[in-house]
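Below, each structure is written out as structure tokens.
Here come two complexes built around chain A, the first alongside chain B, the second alongside chain C.
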Partner chain A sequence: MICGYSIILLSFLLFLIGIAIFISKKSFIMMLVGAEFSLNAINLLFVFFSKVKGNLDGQIFVIFTLTVAAVEVAVGISIAVLLYKKHKIESRDDLKELKG
Partner chain B sequence: MLETIVFLVLALIITGGGFYILFSKEPVYSVFSLVVSLLAMAGIFALIGAPFLAALQIIIYAGAGVVMIVMAVMFYKNERNSLLKLKKGWFGAILLVVFLLNLLAIDLSFGKMKLSGGQTSTKELSLEFFKNYIYPFELISILILVGVVGVLILAKRKEEE
Partner chain C sequence: MIFVLIFPLASALFLVLFGKYLSKKFISIISPFSVFLSFLTSLLFFSKASEGIVYNVYNWISVGNLNIDIALKWDPLSSVMVLMVTGVSFLIHVYATGYMHEDNSFSRFFAYMNLFTFFMLVLVLSSSIVMMFVGWEGVGLCSYLLIGFWFEKESASKAGMKAFIVNRIGDLGFLIGIFWILYIVRRANFDAINKAAVSGNIPLAISSLIGVLLFIGATGKSAQIPLYVWLPDAMEGPTPVSALIHAATMVTAGVYMIVRLNGLFSVAHTASTVVAIVGVFTAFYAATIAITQNDIKKVLAYSTISQIGYMIFAAGIGAYTAAIFHLITHAFFKALLFLGAGSVIHAMGGIQDMRKMGGLKKHMPITFWTFLVAGLAISGVPGFAGFFSKDEILASSYFTGHRVLWFIGIITALLTAFYIFRLIFMTFYGKERMDDETKHHLHESPKSMTIPLIILAFFAAVGGYVSLPKFISEHSIWEEYLHKIVYLKGEIHFLHSVEINLTLLSSSLALLGILIAWYFYVKRTELPIVMAKKVPFIYKLLLNKYYVDEIYEFVFVNSFVYGSEGIYDWFDKPVIDGAVNGSGKLANFTGKLLAKLQTGNIKDYIYSILAGVVILLTLILMGV
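Then we have the complex of A and B:
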């Protein structure tokens, strides 16, 4: 059987990779990819602890997280595409001013 | 032992995909690397006994979400930017090997926290879902509706102006 600590460590590393992608990429799309990656790592942790505890709450919460991630990607990408089409803002370095 | 080997291979694929996203400059390659990572994560879900969530992972994340991201990447002009510059991939490879050896060592030495055996069936999951979580289910449906309406409003306003 797979031991638990390796899954926890794997989830930790994947979450750190997602945060690093979110920080180091400049375009909005790749930042969203990093957020997806982090959410996925947390999903792994939820499923694992659900299997360890023997109840189903973690797996149900994973379904909620999947839904929220899908909605987040849809809204975020539409906002990013609109920013690019209307204001030619592509990376987050272009967003230096708060004026609209 | 076979499960450990499969788990290590899947962990290698996931972390390799993550490092490729981190160090790559091509957005499209990064997104397809994300697909590989998500599929391997679905494999881990199936391995630790949650096959329904593995199917959901493949359908929603690797199917719908990544298709949306690829469509959005096609709107952008192809600018290759990443803050992390890595001339050679050796650093990432060494980090990966060290991490996997670490995983293997922990796996062999501790092994206290055992998974409860057996697969979670879809029937079990749906019974729990509709018995105890019916109000969060409705709320999450409303969240999807709000997301769809929001995206439609954003897309419509672009056409009017």
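Then we have the complex of A and C:
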């Protein structure tokens, strides 16, 4: 049995890495990768707690999260691709259309 | 019993929905026929009325301990009223099929007329004051619709609005009275209210106040001082409407209401004194105006106000059976007068000015003779219906000790005879003052119009014999029948020897009035003008109806208009508009401020989300 803390720590680290990528990268694709990182960090935590508690709630939740994440990525990537195709935009800093 | 109500309503709905596709002939059959069916139904049930039955239809309102049923009260009072309403309404429907024949909105007219009949029946059949109010408002609505029937004419639609608004003032009083009754008695049906009043469960001061409030409603609907101003203008409507609504049925609703609540009113002395005084003054006042009017329908309108004044007066002094008696006889002879006037107007091609008439006797004999019968009845010439009912009111007032009011009443009787025969002499006698073309077109009205006239004339002639004067017969069928609905039974002692003299006095005054009218308008036709010149002030005052319309215009309408304009300038513009525009400006301003947050730079959003998460997490971890 791996020590519980180490799993939580791993998950936390993965989450932070994800956030860091999300913040620092300028390309939309990389930002989405960062977001996936953080999501899966949380999924890991869910699975772990599911095992600790001995029921399947957490694992079911993970399935849901994965589904939603798949949809999210599909939408996100298509937006990114379209932005590049139509406007030649690949960096988030070029997108300032919504300034109030 | 409910069928009495259903027939006219069904016909009204049918005409509203399919009236466009029906031929005039078909409409003029089903519309009067539905009313006739109601009449037959009520005749069928007539024998049950003397016991007083309540037909429960539906539990309408049930809140807390307040229960209001939709129920029909079938007792002597309502049965008499229903027979009168359906009977007169039927005759007028038949008459209207002839009178309105040229009109394009034939089906609309009969739909409204049937609807009116329905609401009037609701009013008289209701067993509770709340349901009565429904009928009360319903007839008001139909009155509005029918006065403004020829809405292309500006004066007609204005008259309709005037009637509606003036009635609204009265209805406010009525409504407050109803609420007060419901608050104190906790029951809405008339029986409970009357019994509570008679047994003293309502404090005397409050019952008087309630009585006055209800009477304000009656002054609106029954056209008494000070709210009578709408009725003369209401003559803009078609003449059958004037006959049905503004003479025979709706305007007597106030009298009916007071008689219905006779328990309350006979306990509340102050209220009934107010009722009696207002009634007799209205009778006198309207009669003086009627003397000078030249429009044939206006004379009859003021005459109606005056006669309803008599009924209200009778109700005020506690002669309830006499009030209803006069109500019924008045319904016959006044409907007849209006229908006769309608027949004259029909023949004259729409001219209503009596100065342009004259000598119509030989052109329209049936109209003349029936009109004469009605004239004799309203003047109180012995033997005709009005004589019995008016004398009973006057005698009752004399023997209950209201000598001053009695004196005004008997002077009014003289005036009544004078103005009605002035009308007859100006219209049917003398030189033919119309132009040649109108004269050429003069004709007696069709049978559908003259037959109702003859039937009504029959009732106007003999309708009074159900209640003979006391010195002839102690027992009157009428009084014995209606006596059951009176709660506080105070006997009025009639001294026979005095009563004979009173009767002689009033009949001789009636004859005197006719004689003066004859002298002025047949014998020496130049006299009225001389008289008018001799007392120009009084003549002008009467001709202009005491300038009451102008005074009301000045005091109420203008003050309202100018007051509203002032408020518009000093309150609406700065305060209301300021508040509305100000809130708009505020939203605009804050929007501009907050828009600065929206940089469009995704990085900023991410950082702010992160900052939010961090702040929240720290707060949670610190255990706040």
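Quick notes
The criterion applied here is as follows: the second predicted complex is superposed on the first by the 98 of 100 C-alpha atoms of A that agree within 3 Å, B and C clash if a C-alpha of one lies under 4 Å from a C-alpha of the other, contacts with A are read in each partner's own complex, and residues count from 1 in each chain.
What we mean here is this: a contact is a pair of C-beta atoms (placed from the backbone, for glycine too) under 8 Å apart; a residue touches a chain by one contact, two chains touch by 3 or more.
Just so you know, these numbers come straight off a predicted model, no measurement behind them.
In this overlay on chain A, chain B fits alongside chain C without clashing. Once the two complexes are laid over each other on the shared chain, residue contacts for A:Phe22 go to chain C alone; chain B is not touched. In the superposition on chain A, contact is made by A:Gly4 with chain B only, not with chain C.
For chain A, the partner that touches more of its residues is B, with chain B and chain C as the two candidates. Residue contacts after overlaying the shared chain place A:Glu90 against chain B, while chain C stays out of touching range. Superposition on the common chain A brings chain B within a closest Cα-Cα distance of 12 Å of chain C.
Taken together, the two structures place residues 23 of chain A in contact with chain B in one case and with chain C in the other. Listed in rising order, the residues of chain A touching chain B in the complex are 1-7, 9-10, 13-14, 17-18, 20-21, 23-27, 29-30, 32-34, 36-37, 40, 43-44, 47-48, 50-54, 56, 59-60, 62-64, 66-71, 73-75, 77-82, 84-86, 90-91. Residue ranges on chain C touching chain A, taken from their complex, read 594-603, 606-607, 610.
Remark: chain A residues 19, 22-23, 92-93, 95-100 touch chain C in the complex.
Per the touch definition, chain B reaches chain A in the complex via residues 3-4, 7, 11, 14-15, 18-19, 21-22, 27, 30-31, 34, 37-38, 41, 44-45, 47-50, 52-53, 56-57, 60-61, 64-65, 68-69, 71-73, 75-77, 79, 81-84, 99, 102-104, 106-107, 110-117, 120, 124-125, 128-129, 133, 136, 140, 143-144, 146-148, 150-151, 154-155, 158.
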